[in-house]
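There are two complexes below, and they share chain A, which is joined by chain B in the first and by chain C in the second.
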Partner chain A sequence: MAVSNGLPSSEPPLVNQAEQLDQQERQKYVKGKKLGSGQYADVFSAHLVSDPSKLVAIKKIKVGPEVAEWGISHDSLREIKFLQELSHPNIIRLHSVFSTKSQNLNLVLEHLPQGDLLKLIQDVENIHYGPSDIKAWMAMLSRAVWFCHENFVLHRDIKPNNLLIAANGEIKLADFGLARSFADPYAHMTYNTITKWYRPPELYYQASFYSGAVDVWSVGCVFAELVQRKVFLPAMPDTDINMIGIISSTIGTPTEDNWPGVSKLRGYVPVEKKDVTPVKRKDQWEAEFRAVGPVGADLLMKMFALDPRKRLTARQILEHEWWTTDPKPSRLEDLPRKGGGLETMGEDLKRRGGELPSLGRGDKVARKLDFSTMK
Partner chain B sequence: MTTYLTEDDIYRTSTQYRLWSFTPESLAALREQTHAAAIERAKKYLGHGNGTTGHSDGANGNCEGDGTVADCLTAEEELRLVQRYADQIRTTSDFFKWPVNVKATAVQYLHRFYLSNSTLTYPPRETYKCALFLASKTEGVHMTLSEYARRISTDAQLILAPEYKIIQALRFTLDVRQPFRGLKGALMELLNIAAGRGAVPQHSRTGKTGAELQTLMAELPGVADGDRSTWAAPAGAAAADPRVLADRAHVAYGVARQILDAPALLTDVYFLFTPPQIYFGALMLADSVLAGFYLSTKLALESPVRGKVLATIGACRDMLGAWSPQGVMSKEERAGLEARLERCRDPTTRDLVGAMAAEKRGGGDEGALDDGVAKRRKLEREKSMKEGEDLFGPSLPTVGNAA
Partner chain C sequence: MTVSLEAHGKLPIFEAILAADLPAHEPHPPRSPIHVSHLVLDVRLPTFVSQLTISPPTMSRLAQSRAAPAAARPGDQDGELLQHSLSQLRFTDAQPEPDICPVCKSSRYLNKSMQFLVNPECYHKMCESCVDRIFSHGPNKCPIAGCNRTLRKHRFRKQTFEDIAVEREVDIRKRVAAIFNRREDEFEDLMDYNNYLNDVEDITFNLVNRIDVEENEKKLAAYAEQNSKSISANASLASQETQDYSALQAAEREQARLRRDTARREEEEERRARAEGRQDIINRLASGTASAEQIAQESRVTLKKRMDKKAAAERQRQLHAAAAAKDATNGSSGFLIKGLKTKKEVGPEKPFDAFGGLSFAKHDYCVLQDHYEWDWLNEVRGDVQIVAGGYDVQEFHQRALCDAFAGLGVFVGEEAAARDEAAMGPGAVKAAATAGAAGACTGAKDIKMEDPF
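Showing the complex of A and B:
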């Protein structure tokens, strides 16, 4: 390597190749409008210097109060670690990372201008979609989750507002701030993870050993929400006990019969016989989710198996016959769009894992408390 | 139409393959380049060469000034010093009783860091604690900086100071692929073979049944001369006794596991080989007969790539086998090197804590901030910190490693 001796003495010379590469990366982009600003990150629109038509989003991670206690936060490190490795059409692409001299990390992410799935679900007035569209979106989500699991990554925060929509209509799984690798056998994991309404019963029962089944439950929640256009398991307030309550009343009460061993879990709360809700039967699922037909309802039901060992795996989801049953999934170009979603991307990316989008109620404190316990 | 990704294809998408895999030549060239650049810099700040008159930069102030270019570490010495600190990371990680993946990741961070940085610029004594702390975070151990600092009796700010330099040198790639699970998988499969459950015929790559594989395993000759496994068939026991076969697998695993801990972390094998090649190399060193048999259940004898695979595993085994604990630098040698390093190190990186604080205050390439902005930021930081504490109360000590 040629060592540059001609640098002006007032500026410290770049010491090495890593610093040069970092600087080159930084100089590739022109930062534009701020799309969103949160406690955790600011998100900017940006484009390539060499080609202004090539758009990206830059997520600049803020140096928060936790830095003194942790250095670079776990959330940022996890997101960078996993996104650097996962390359899949339905997972948000991390083009590169660079630092600025004030020691901020900047994540250069794929530009996803069509908002997120939550915006589509909630806009009941203007956005109309049908079973073919749901099938197309679910297929993309399922592939993304399968790919994560195939690479031994648990996402642990699947929910509609973490599913961003690309210009061509593709769904992209985003926000890997709570992700982790599959643990080795006998290695404990935290049960305090996944946004509450999308969190499976085993985590409320404080299971320390779990698997991809936790993500599958969340996928089921997204599926049901797409069909019903409302949150499937919305306990208010979302305390653990309320969440166990709504899961029991909606899907069935976990018992030793339907989930052998459940009573051994640390956080298990015994339920009196008279209070046990039987597990929702197939015909009930079919009646409630008529829109996706009996085959679709079958898939949904199997994603909601209370016993995580009986829940479908991501691979089994992809092998389910619903995908090949009529109607065919919509083509990308036929999927409904909302438009004006860049700000949504800003909103989504600035959030920290485990946070719910603002519901307009004074829920700020609740959200703060929620993520403060996240690991 | 449909294309399937093989495991190899997926591995090739990893950052470990794309950025951190080398041939022996390219690895040596990269280190040589980094060393040469550091020496060129040293010639300037030590006041020799290039016709410059030493460091007229009073700004740096604390340069010792008594070093000469002759004091500079050689490339070989630099590498040995880094390896010494890789060993130090192992000891420190074991002190915390952290799982092996933390240790392996931290050691690779250190090795990767010194591919683009010289010890003359950043002495490893000042970086290794940060590399381990960073690895503890990326591998999901939740120990706070203050507890980490307290337990290794180091100032927290000193630990954290090089963090950005490290992840920058890591090119912001944090995943380290490791051979430990693969080795565990080999043990499990061998135990299944020993028990006669080695292969369900339709899934078998060898076309052999479980019973046939068990018989083949029982007929294997003993541990070869020079292999490190201490297993010997117990006198009087039937060779085909499944417990005897299982015992052989356990002993080979234990020896290989030790090899993955020391030589594998203290040599360049992670840069030169893939995780499966590394664990096969370790298994070959432990019990080549058993490892060869195990490989044959995966890769047919007539496979066209067999020769190449064996040669690669053999090269890895040789590299692992050539390592010896006596090769690790002694305390005295380290002290000598570091005394020299102190005289010839780069003065501009001496005060990392100060440099980090200065950068945080917002200098650098974003344009120096005036005092007003800096003050406002400070107030914002304090406010945000205070709000955090009001809401949550002061942070609690973290219990356990669950993540």
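Showing the complex of A and C:
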């Protein structure tokens, strides 16, 4: 790992130097108020010593049970591993990493004061947005996902509350705690990943070999949620079988016809002929998603292809004609925002503790991850 | 004296005041002819003094040399008269300026609410009742002896500055500044802007000091006519700037909301029209009043009409843009401004680039093949378990090639030096050197490790 200054090395001659570097890094920041606290991490507001106007967020990861075994928690390892390499306007920036005395890891992240996309979607009363706003947000999300995939990173947890909003209105993909790089052939990946409502059918069928298509499904879910202002595939309770049920009834039942080879997947549940729901037709998509027009509905439909091989790739999403058809995407400054501009930022932070809610783990949609099945 | 008071109906009040046993001091000294002439002239006195002493600080570099002889020239409009009276009046003029209307001679003492007004045409002071009396029935000559200018009632206003010369100069400056309202950011560099300011100051100075007034007025008018668009644009810009910042933001938000609303309304309208059209077609088909072909033809026609309407709106917009572009050129008005930036119209927005200006399509050192002769790899394609989950061996090809070649031609030392030079934010320690290199580092190193994920 390249984060030598974040982790104490085991070799005696390096200890001092590593600690020095760590110290140097730590002293660059002045930690401020606690913004939020979760089971897994606390988030603090902070600023540079050299320039108090440059704000950052420091995510202090708590020592968890994994640390005893691995020396570092999986989430923080993944987060550091990928965020330090990915530099894109729509992906949250990791400025630095340092540790404090109790071996706590501190990630210095970009300061994003405007909350997340989920808050905008849910505030139906006060926030009104239109097709061009949706297009602007989706463009930024799609670029972020495309950038990850071009660099062979699967995000595996795309959902509205992981899409934070910067002061200028830009969307930033955050929380790489479940990310991983593309797998080598024959290398198993866990299928128990991605928040339930945003998880694609192949993962419910326990496929161990998958690709960027899983993220594309999640992007589709976010797209639909933006249009409808409610979760697109909410199964209550969110058991796997319920989720397969709602996917089947909403989009169509996966069969050998529309998804060759699906029955060979480990977790495939055979469906009786009479219970098969045909795949939703294009006109049905158009009727349900009028707001984005027929072209937008076409894009959405292709993101929700049951067979991951037929689903659009992140690149194909960006090549779709929807981006260039009317209406144009809103300019950043025209996007509706909840915070109400920079001047109310301080107010905002005071009022609502935890402006970076998805950095903690107290998410509304709980991630029930279970690593016990994996060796 | 009594007669003149009687003429204006002020006598009863005067008598009442006299009847009341007032303190012995006399409010008005007995009037002699000299005093009367003094009253007429004293309004002009400051003008003269200021011309000689106050103006020079505002004088521009070029105007100074031209102005010096002009200001001293005797007989220039009122100058002679004033100079003459000044020598007489210096001695008697010790008491404060009495509030007496030079036209009707009524004084503040008799009429507490008396107000003096001036007209920017000649700046002669007179009381409100005189203005009402003389100018109510339309334009009339100025009643001050020797003035003869035609004045209009609506131009009369209260005096802001005690010194009437200052009043006049401020008025002129206001007028000129409203016309020559170019902004610094319109010029190529500061020198050009300063030269422009200097030229404007020359005109202003000449107008203030009545040097070649006609010629300068002509210049002013010609410039105002030829640059009307940019003048009004700059004026509105200035008024915008004075608005409160938060009010501005609120206005912007409101604008965005309106835009969205309009979009929504249009969409709804469109949808309704479509639905109505469809219903209509169904009805007519059902009733059999028209053949299917006919109806199809008609619906095509309505669609075309809708499109035409849209196209017309688009044309209108383009016309507007063209007119604005024409105005952007710097018209010649005998007042040539050098170094003015050719204004770029904000023009049609750039086409939307979904990729945000990035591309990964180019590989410098490798060419991706569809197929590689390696059974271990190619067996993946045959394994339904692997393929059905969406795993794509092509992505592995790509990644392996990227891992192998991405570092070529990348010199970390040089890039680090360049980065340090650029001195990005001090916190940006872990910034990826290049996006392309990102792939090389992420996956390759820990292939051999047991992957717990």
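We adopt the following convention: the second predicted complex is superposed on the first by the 319 of 375 C-alpha atoms of A that agree within 3 Å, B and C clash if a C-alpha of one lies under 4 Å from a C-alpha of the other, contacts with A are read in each partner's own complex, and residues count from 1 in each chain.
Here is the rule we go by: contacts are C-beta pairs under 8 Å (C-beta built on N, C-alpha and C of every residue); 3 or more make two chains touch, one makes a residue touch a chain.
Owing to the predicted nature of the structure, the values given are computational and were not obtained by experimental measurement.
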item	value
Partner chain in contact with A:131 - chain B first, chain C second, else both or neither	second
Partner chain in contact with A:274 - chain B first, chain C second, else both or neither	neither
Partner chain(s) touched by A:139 [first = chain B, second = chain C, both, neither]	second
Chain B versus chain C as contact partner of A:151, first or second or both or neither	both
Partner chain in contact with A:261 - chain B first, chain C second, else both or neither	second
Partner contacting more residues of chain A (chain B vs chain C)	C
Partner chain in contact with A:19 - chain B first, chain C second, else both or neither	first
Touching partner for A:56 - first (chain B), second (chain C), both, neither	second
Overlap of chain C and chain B interfaces on chain A (superposed complexes)	3, 70, 74, 78, 81-82, 84-85, 87, 96-97, 150-151, 180-181, 184, 187, 189-190, 208
Interfacial residue positions of chain B with respect to chain A in the complex	10, 13-15, 33-34, 36-37, 40-41, 44, 50, 57, 99, 101, 116-118, 121, 133-134, 137-138, 140, 142, 144-146, 160, 163-164, 167-169, 171-175, 181, 346, 348-349, 356, 359-366, 381, 384-385, 388-389, 391-392, 395, 400-403
Of chain C, residues touching chain A in the complex	246, 249, 252, 256-257, 259-260, 263-264, 267, 271, 349, 351-352, 354-356, 358, 360, 376-377, 380, 384-393, 395-396, 398-399, 402, 425-432, 435, 438-439, 441-443, 447, 451-453
Complex contact set, residues of chain A against chain C	2-3, 25, 28-29, 48, 50, 54, 56, 70, 74, 78, 81-82, 84-90, 93-97, 108, 128-133, 139, 142-143, 146-147, 150-153, 180-187, 189-190, 202, 205, 207-214, 259-262, 264-266, 290-291, 307-309, 311, 318-320, 323-324, 327-330, 333-334, 336, 341, 343, 371, 374
Partner chain B, residues of chain A touching it in the complex	1, 3, 5, 9, 12-13, 15-19, 21-23, 26, 39, 63-66, 68-72, 74, 77-78, 80-82, 84-85, 87, 96-103, 105, 150-151, 180-181, 184, 187-190, 208, 365, 368-369, 372, 375
